[in-house]
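In the two assemblies presented below, subunit A is common to both, partnered first by subunit B and then by subunit C.
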Partner chain A sequence: MKIAIASGKGGTGKSTVAANLAWALARSRDVALVDCDVEEPNLHLFFPAATTDVPVTTPVPVIDPARCTLCGECGKFCRFGALAVVKDCVLTFPHLCHSCGGCTLVCPQGAVREVPRTIGRIACSRPLSRLVLISGVLNEGEVQAPAVIRAAKARAEGHPLVIYDASPGIACPVIETLEGSDFCLLVTESTPFGLHDLRLAAEVAEEVGIPAGVVINRSDGEDAATVAFCRERGLPVLMTIPFSREIAAVQNRGGLIAALLPGWEERFIDLFAGVSP
Partner chain B sequence: MIRLAVVSGKGGTGKTMVAAALADTSGVPQVLADCDVDAANLSLLLEPRRLTTEEFRGLAAARIDLGVCRDCGICADRCRFGAIVRRDDAWRVDPLHCEGCGVCAYVCPTGAVSMEPRVSGRICTSATDRGFLAHARLFPGSGNSGLLVTGVKKRAVALSEGADLLLADGPPGIGCPLIATVSGMDAVLAVTEPGVSALHDLTRLVTVCRRFGVRIFVVINRFDLVEDICARIEDYCEREGIRVAGKIPFDPAVVDAVREGRPVTRGDSPAAEALRALRDTLFAELGLP
Partner chain C sequence: MIVCITARAAGTDAPVEERFGRAPYFVFVDTETGKSESVENPLINAAGGVGPRAVQVLAEHGATVLITGQVGGNAAKALEAGGIRVYACRGGGSAADALAAYTAGDLQPISLA
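Up next, the complex of A and B:
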């Protein structure tokens, strides 16, 4: 079983739901928790533990000046602007490279070869006896988030129960995270922003073709519009977390409400029951 | 013209609320850009009147002509993105994965693969009471969000004649869309909140912004929710030499204003007062009247 946790809007509580759900489930079973928000990974803050780091690399071109005739084919082919052929050499811009390998294919002289370049890392830890945390971390200034997400997910392959925490938004990093999941939990808040972006996130889950359910976070009781939207779209509302200063303070300090406030462990176990087939 | 982007690293810290308040109180000729193209919300607070809508074309996507395809599978073999998939006994392109690199079209021995333009969103311009707004909608699941951000900024610049300020509402994160937003800006205002996640994300954001040589300011939203972490944020900013240009208290008036679809500075409340003070501090720093 693989559960992805997503939201169009940022800061609705994806990591909160992911961390508490994983903690509650790990009391009685093995869980792999994967932080796929590789631009701003936060789950390790809830589960401090020593990590083993594995670099994530992608192939980028280097030019052999002895073979290069400055014919310009590589620069002409590259759609990403990662190679520019100038008067007496080929400039490479590895930050822009998508690692498609096209430049090596088109070079008539065999002057382009690829070398690995580190763009991030996977940090693995075992903060609890039955919980494995796998965090994807994109290096600052890099843009290839999907490659780091792929590497993080690959590390969790084979675990019977995996929870993916996605980044906000609706673009390629979210698709990369959702794919292969059995269920998508959409975390929202009951404001017009929350609802506007929930609508987009629900479209993404539909596009990828996985069933979804909703968690309403920081509810102040004014949830009617969100509930109506969910009913109309056939999305079950699986949990509602009220706004309270107490909950906010626990979370902002990196604490888990499932561990620290009474009743929440059971509620997260119930949430899982609502998700599993 | 001063170019200022409101950013945050962590999502949900209040970027759009702050951007709308600055737009509302700025008092200088300005143009607005919503660079959070994944989930564009600025227009929800500014009652925009739509002027133009255009299709946004990102990179092309591959298309296989099955009448010409000889089923050799070389394209699938060479595609590094897993975008050529076997379905219904034929090779097909999965547009969600196609990056538009063109390798498949290059290697196909029969010329069955072509690169075709694809529409991955819309760019719009609207008029608001506080200036023109360039904004966009990325189609769910599309790539190219960085390119779309660049498109929105270009549109805003095209509308900026006579403006003293280009004010952009940025995306969360530190990846492609954020980098596209920050590049070419004079200053960024990072909205954070007193939480360990927000502080962690702020430090990563600052590292990225430093590379662009932009001036960095911080505003702490809901600062009174966890005062000791707020103090840690202020310590961090002091060590980094970053000016904390404002602190906004937790205030139910903020959510009320969002529900009513207006900037919080249209009313009187502790948050509105703090946002007006933020505007004055920030504009003085930026040399705006």
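Up next, the complex of A and C:
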């Protein structure tokens, strides 16, 4: 079972839900929690522990000047500007490369080969006896978030229960996270912006072909528009977390409401029951 | 010598564009013959990496001098490797005005290092 947690809008509580759900489930079974928000991973803040790091590399081109005739085909092909044929050399800009491999295919001289380049790392830890945390970390200035997400997800393969915490938005990193998931939990909040982006995120889950359900976080009790949207789209509202100072206080010191506030461990177990087919 | 001026439209009467990689047009002027050629920039709506790709357009047209407002880091690296010198034109005016200012020695070079 693989559950992806997404939202569209940032700051709605994806990581809160992911961390509390993982903690509650890990009380009774093995859980792998994967931080797929590789540009700003934060789940380790809830689960401080020593990590083992594995580098993530992607292939980037190098030019063999003995074979290169400066024909310019590679530079014309690359839509990311990672190669430029100027005067008497081919310049490469590895940090612009998306590792599509196209330059190696279009070069008529076979002068382009690929070498691995480190763009990030996977940090693995075991903060609880039955919880494995796998955090993808993309190095600053790098563009290939999906490659790090793929590597982090691959690391969790084989675990019977995996929770993926997606990045905000609905772009490539979120789609990469959702692919191969069995269920998508969409975390929203009681604001027009929350609903606007919930709509977008629900469309993405539908497009990827994954059943979805909704968690309303920081609910001020005025969720009629969100509930109506969910009803219209056939999305079950699986949990509502109130807008509460008590919850915020636990959260803000890096605590877990499932561990520290009565009743919430059970609520997160119930949330999982709502997700399981 | 071929000079490239970034411009908002085609022709030497077009106003100078201060952006390099996303300039709407590159106006190439051959200073020996006085002939000019305007090339529409295919990169204005590209997602990224426009700097090195724009330099490649300049290299293909044989430009050795670029007159523009400012260039980014990737473009600077490619311009330096391509042996293209860059001069700053930030006061407005047409491509022809910019070329005249360059010829008169009134434009400041932009350091690529």
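We take it that the second predicted complex is superposed on the first by the 277 of 277 C-alpha atoms of A that agree within 3 Å, B and C clash if a C-alpha of one lies under 4 Å from a C-alpha of the other, contacts with A are read in each partner's own complex, and residues count from 1 in each chain.
Note that a residue touches a chain if its C-beta (ideal position, glycine included) is under 8 Å from a C-beta of that chain, and two chains touch if they have at least 3 such contacts.
Since this is a predicted model, take the numbers as computed values, not measurements.
Engineer: Look at the residues of subunit A and decide whether subunit B or subunit C touches more of them.
Structural biologist: With both complexes superposed on chain A, more residues of subunit A are touched by B.
Engineer: Touch check for A:82: first (subunit B), second (subunit C), both, or neither?
Structural biologist: second
Engineer: Between subunit B (first) and subunit C (second), which does A:101 come into contact with in this model arrangement: first, second, both, or neither?
Structural biologist: Only subunit B; A:101 stays clear of subunit C.
Engineer: Looking at the overlay, does A:252 come into contact with subunit B only (first), subunit C only (second), both, or neither?
Structural biologist: So A:252 only meets subunit B here.
Engineer: A:170 contacts which: subunit B (first), subunit C (second), both, neither?
Structural biologist: The first partner, subunit B, only.
Engineer: Of the two partner chains, subunit B (first) and subunit C (second), which one does A:49 touch, if any: first, second, both, or neither?
Structural biologist: Neither: A:49 stays clear of subunit B and subunit C.
Engineer: Please work out whether A:115 is in contact with subunit B alone, subunit C alone, both, or neither, and reply first, second, both or neither.
Structural biologist: Neither partner.
Engineer: Which holds for A:154: it touches subunit B only (first), subunit C only (second), both, or neither?
Structural biologist: Neither partner.
Engineer: Going by the contact rule set out at the top, does A:228 touch subunit B (first), subunit C (second), both, or neither?
Structural biologist: Neither: A:228 stays clear of subunit B and subunit C.
Engineer: Would you tell me the residues on subunit A in contact with subunit B in one complex that are also in contact with subunit C in the other?
Structural biologist: Shared contact residues on subunit A (touching subunit B in one complex, subunit C in the other): 79-80, 143.
Engineer: Any idea which subunit B residues touch subunit A in the complex?
Structural biologist: 8-13, 16, 38-39, 41, 44, 59-60, 78, 80-81, 96, 99-103, 106-107, 138, 140-143, 145-146, 171-179, 193-198, 200-201, 204, 207-208, 211, 225-226, 229, 255, 258-259, 261
Engineer: Note which residues of subunit C are touching subunit A in the complex, please.
Structural biologist: Touch residues, subunit C against subunit A: 46-53, 55-56, 59-60, 74, 77-79, 81-84.
Engineer: Within their complex, state which residues of subunit A touch subunit B.
Structural biologist: 8-12, 15, 37, 39-40, 42, 45, 77, 79-80, 98-102, 105-106, 138, 140-143, 145, 167-175, 189, 191-193, 196-197, 200, 203-204, 207-208, 220, 222, 245, 248-249, 251-254
Engineer: For a test of understanding, state which residues of subunit A touch subunit C in their complex under the given definition.
Structural biologist: 72, 75-76, 78-87, 89, 91, 93, 96, 143
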